[in-house]
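Labels run A, B, C and D following the written order; every chain starts at residue 1.
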């Protein structure tokens, strides 16, 4: 295929796909809506294949570490074992039940769930040390941030109202008024920014998502 | 209207200028200090996928990366770039390579310093934390879409004593960047920063266009507030009713 | 090193140990501080109260195991409440690693999942739907094609309660237990705005401030983190729902106090050092 | 609890403690747990994606002969061209399909939910009977509108901020700082909840997980002592 087609084909696909769904969002034409519905099912299935990239990338990195016996190669071995073990179990040995298989659920509940939630919960420790070491009343603005944070922390846990009953309503007011105003301004701004980015992507003015050399 | 401003900017009919963005000027200072200390710089464009509505943040991060890489090449400082989204990796590598070529130091470019760690959020996060500790980074620049890992990064950067410049449009994470980093770009400032650095007419035109849209929002809210306080909700009805059928 | 310098340089490991103790103690020996009520939780409860028997409620699990401590209690409570109101519950999820929680919640709330006699008539588990926002738009348009089989592999079209549920127009209520992207904004765009469905959400506390701006017109009520779940449990007592969150809320209180104390300590050191330098 | 379940709980507890050992310092146990986690995470998303592709496309294709579904499968199978230098452009076909649809849909919805609906909420009629903590109290309505406008002014980039514009953007900055404070407070709350969740599991007196807590303490203490010994020798 010629270079020109190679370059423009993805841009044309993006443009058509984008217009197709934008039109569908605002127009009520049964046949057209049905077509877009099928198109979305099509995209849902196609997008599911994107996981292959992560799989192959990780396999390549860790197989290399393993074969070259780099430092920590046994971790790579564990990673590959976990990755292929769970995959083979879920896809081939679960008898078509996939994630609903009881043995699969066992590994999911006893390995994946504790690991994910424990790694996430480390943030609790970090937030304590960061609050202590980095959270400073450097300026008037930072002080406002600090005071507002302390009020909210007290107001949303049982201990706050136990000390001072009014702190609950004050927290509710902060959430309902300044918080809403600030977040709303940000949201409107971000929405416009994304909208403008979307226009550029659809027009082919922004091609980063297509990879290098697009 | 956005199309019109974009068109005018691209065709060079009017070149919009971007106001000063404080955090950006600090990048030179941060890279410079890392050079003096002989320690590396770490950059991450965040963890947002390109095909999502948070993708623009990653692209803004990549614009900043180009600037950072150029400075690093000029000062001959090691630059580590960590990636969470597999498809961003080749993109970032190309940007860094070009920046090194532009700075006249293509031989200093090292592909292995732009690393894909994992596409799982926390696995990526712990990879970055590990790298920052191991390499003792002296400047940590984070521009892009960040979620819960923001605090981990900021804390790790703090522990290694790095100058930290951060920016994200994820509202729930901005407070940590404000609280823990030396300079923070708030929300959309990162998108403007991308345009400011690249001087790309397309991006500049886009910022210009959104400014007009914001002005319209401001006017509608102003008029609408006066009306609604006077007990008239005609504008509200217009916005929430007949526009959508 | 002066005393004030030291005050700013406490070993983080000491803080970690303190935090561990402060959180663990109330779990072992609860204090039982009374749980207050926030307007968001009340709004959430009132909205679910308006559900009539037979209304279709979609419950979406849009979180990963990481935020399970906050959101799994929300999930259980909202399912119990919906089933007490006689709603037809359609459960699905847009986060790959959250989907297995649906089965677990069915087992915890109803005793059994797919072997339950009411499975398929009162509640159904459609499992994971890919592609985030596009997937949400898809279920709004045609839920049967988007989810041709349920989580356990039975054809969706053969499930009794799914006969009358074709898409967004048939939903009465959507409850998204959300902790990120895709989450609340995506649901608002593709389902709430498109089909005028009442939308409720239980969020991780991190997302609570950014969700607040959608109240009341777009989001009818919010459960904000563990506190929201605990308050909701209190409101559900009249349905005989037995909550488990009183001791964790004690831990929550004391951990907040600890954070505040550390902020104050750090700043005292900071201010005194600054003041000292100025002298 | 049968033996199988018991072992599962002990395994979960062991991995939990391996991760927490990071707080002493980065170590082999933590790295091992982390690698296992990365592997499992990728595997899980692949398994659940396989189920979706099987149910939605492959099953109708093979059992009912529904030929439509061969198309998305073929397009999806173009993703691996990501790894080919020569045929990288083919990888762009599935990417542009997914991105175009995603961005288009997002744009269409953003305009409504995050722009117009947000403005509409700001200028809705106030509720004169609302309490002072409610966002629909008239004074609060006015404050929200002013704060929102100020924040929008802060995000205007193509005009240099001076004069009245500077004041307006200051209003925005201050509003945002209060909002960020609230966000900080809520995030602390969320993170604490996560830790509480893990400790509830670890310290559950009816379970077996807590057996491992003293074991971990002993191991870490032993490591600390050993390293002290090393330090004295050198």
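Rule of thumb we're sticking to: a contact is a pair of C-beta atoms (placed from the backbone, for glycine too) under 8 Å apart; a residue touches a chain by one contact, two chains touch by 3 or more.
Quick caveat, the model's predicted, so the values are computed rather than measured.
Undergrad: By mean C-alpha position, what chain is farthest away from chain D?
TA: When every chain centre is compared against chain D, the largest gap points to B.
Undergrad: Give the chain pair, either A-C or A-B, that is connected by more C-beta contacts.
TA: Most contacts of the two pairs: A-C.
Undergrad: Using Cα averages as centroids, what's the distance between chain A and chain C in whole Å?
TA: 17
Undergrad: For chain B and chain D, let me know how many angstrom lie between their CA-based centres, rounded off.
TA: Chain centres of chain B and chain D, defined by C-alpha means, are spaced 18 Å apart.
Undergrad: Between chain C and chain D, tell me the centre distance in angstrom, where each centre is the average of that chain's C-alpha atoms.
TA: 13
Undergrad: Give me the residues of chain A that touch two or more other chains.
TA: 21, 25, 38, 40-41, 43-44, 47-48, 53-54, 58, 96, 98-99, 108-109, 112-113, 116-117, 119-127, 129, 131, 133, 135-136, 142, 145-146, 149-150, 153, 156-157, 172, 175-176, 179-180, 183-184, 186-190, 192, 194-195, 198-199, 209, 211, 213 - these are the residues of chain A that touch more than one other chain.
Undergrad: So which bits of chain D are touching at least two other chains?
TA: As it turns out, chain D has residues touching two or more other chains at 23, 31, 34, 37-38, 41-42, 44-45, 48-49, 51-52, 56, 82, 95, 98-99, 101-103, 105-106, 108-110, 112, 114-115, 117-122, 124, 133-135, 145, 148-149, 152, 154-155, 176-177, 179-184, 186-189, 192, 194-195, 197-198.
Undergrad: Which residue numbers or ranges of chain B touch two or more of the other chains?
TA: 50-53, 55, 86-87, 118-119, 122-123, 126, 148, 151, 171-172, 175-176, 178-179, 187-188, 207, 214, 217, 240, 244
Undergrad: So with touch defined the way it is at the top, what topology do the chains form here? Options are line, ring, star, complete, other.
TA: Here the contact pattern is complete, since every chain touches every other one.
Undergrad: Hey, which residues of chain C end up touching chain D in the complex?
TA: Chain C residues touching chain D: 13, 16, 19-20, 23-24, 27-28, 39, 66-70, 96-97, 99, 127-134, 137, 145-149, 153, 185-186, 188-190, 192-193, 204-206, 208-210, 213-218, 224-227, 248, 251-252, 255-256, 259.
Undergrad: Can you list the chain B residues touching chain A in their complex?
TA: 2-3, 6, 10, 50-51, 53, 55-56, 58-59, 62, 86-87, 90-91, 93-94, 116, 118-119, 122-123, 125-126, 148, 151-152, 154-155, 158, 169, 171, 175-176, 178-180, 187-188, 191, 202, 206-207, 209-210, 213-214, 217
Undergrad: Report the residues of chain D in contact with chain B in the complex, numbered from low to high.
TA: Residues in contact with chain B: 26, 31, 34, 37-38, 41-42, 82, 95, 98-99, 102-103, 106, 110, 112, 115-117, 119-120, 122-126, 138, 141-142, 145, 148-149, 152-161, 176-177, 179-181, 183-184, 186-187.
Undergrad: Can you name the residues of chain D that touch chain C in the complex?
TA: 23-24, 41, 44-45, 48-49, 51-52, 55-56, 59-60, 98, 101-102, 105-106, 108-110, 112-114, 117-118, 120-121, 124, 133-136, 179, 182-183, 186-190, 192-200, 203, 205
Undergrad: Spell out the part of chain A that touches chain C in their complex, as residue ranges.
TA: For chain A paired with chain C, touching residues are 21, 25, 33, 36-38, 40-41, 43-44, 47-48, 96-100, 105, 108-109, 112-113, 116-117, 119-121, 124-125, 127-129, 131-133, 135-137, 146, 149-150, 153-154, 156-162, 168, 171-172, 175-176, 179-180, 183-184, 187.
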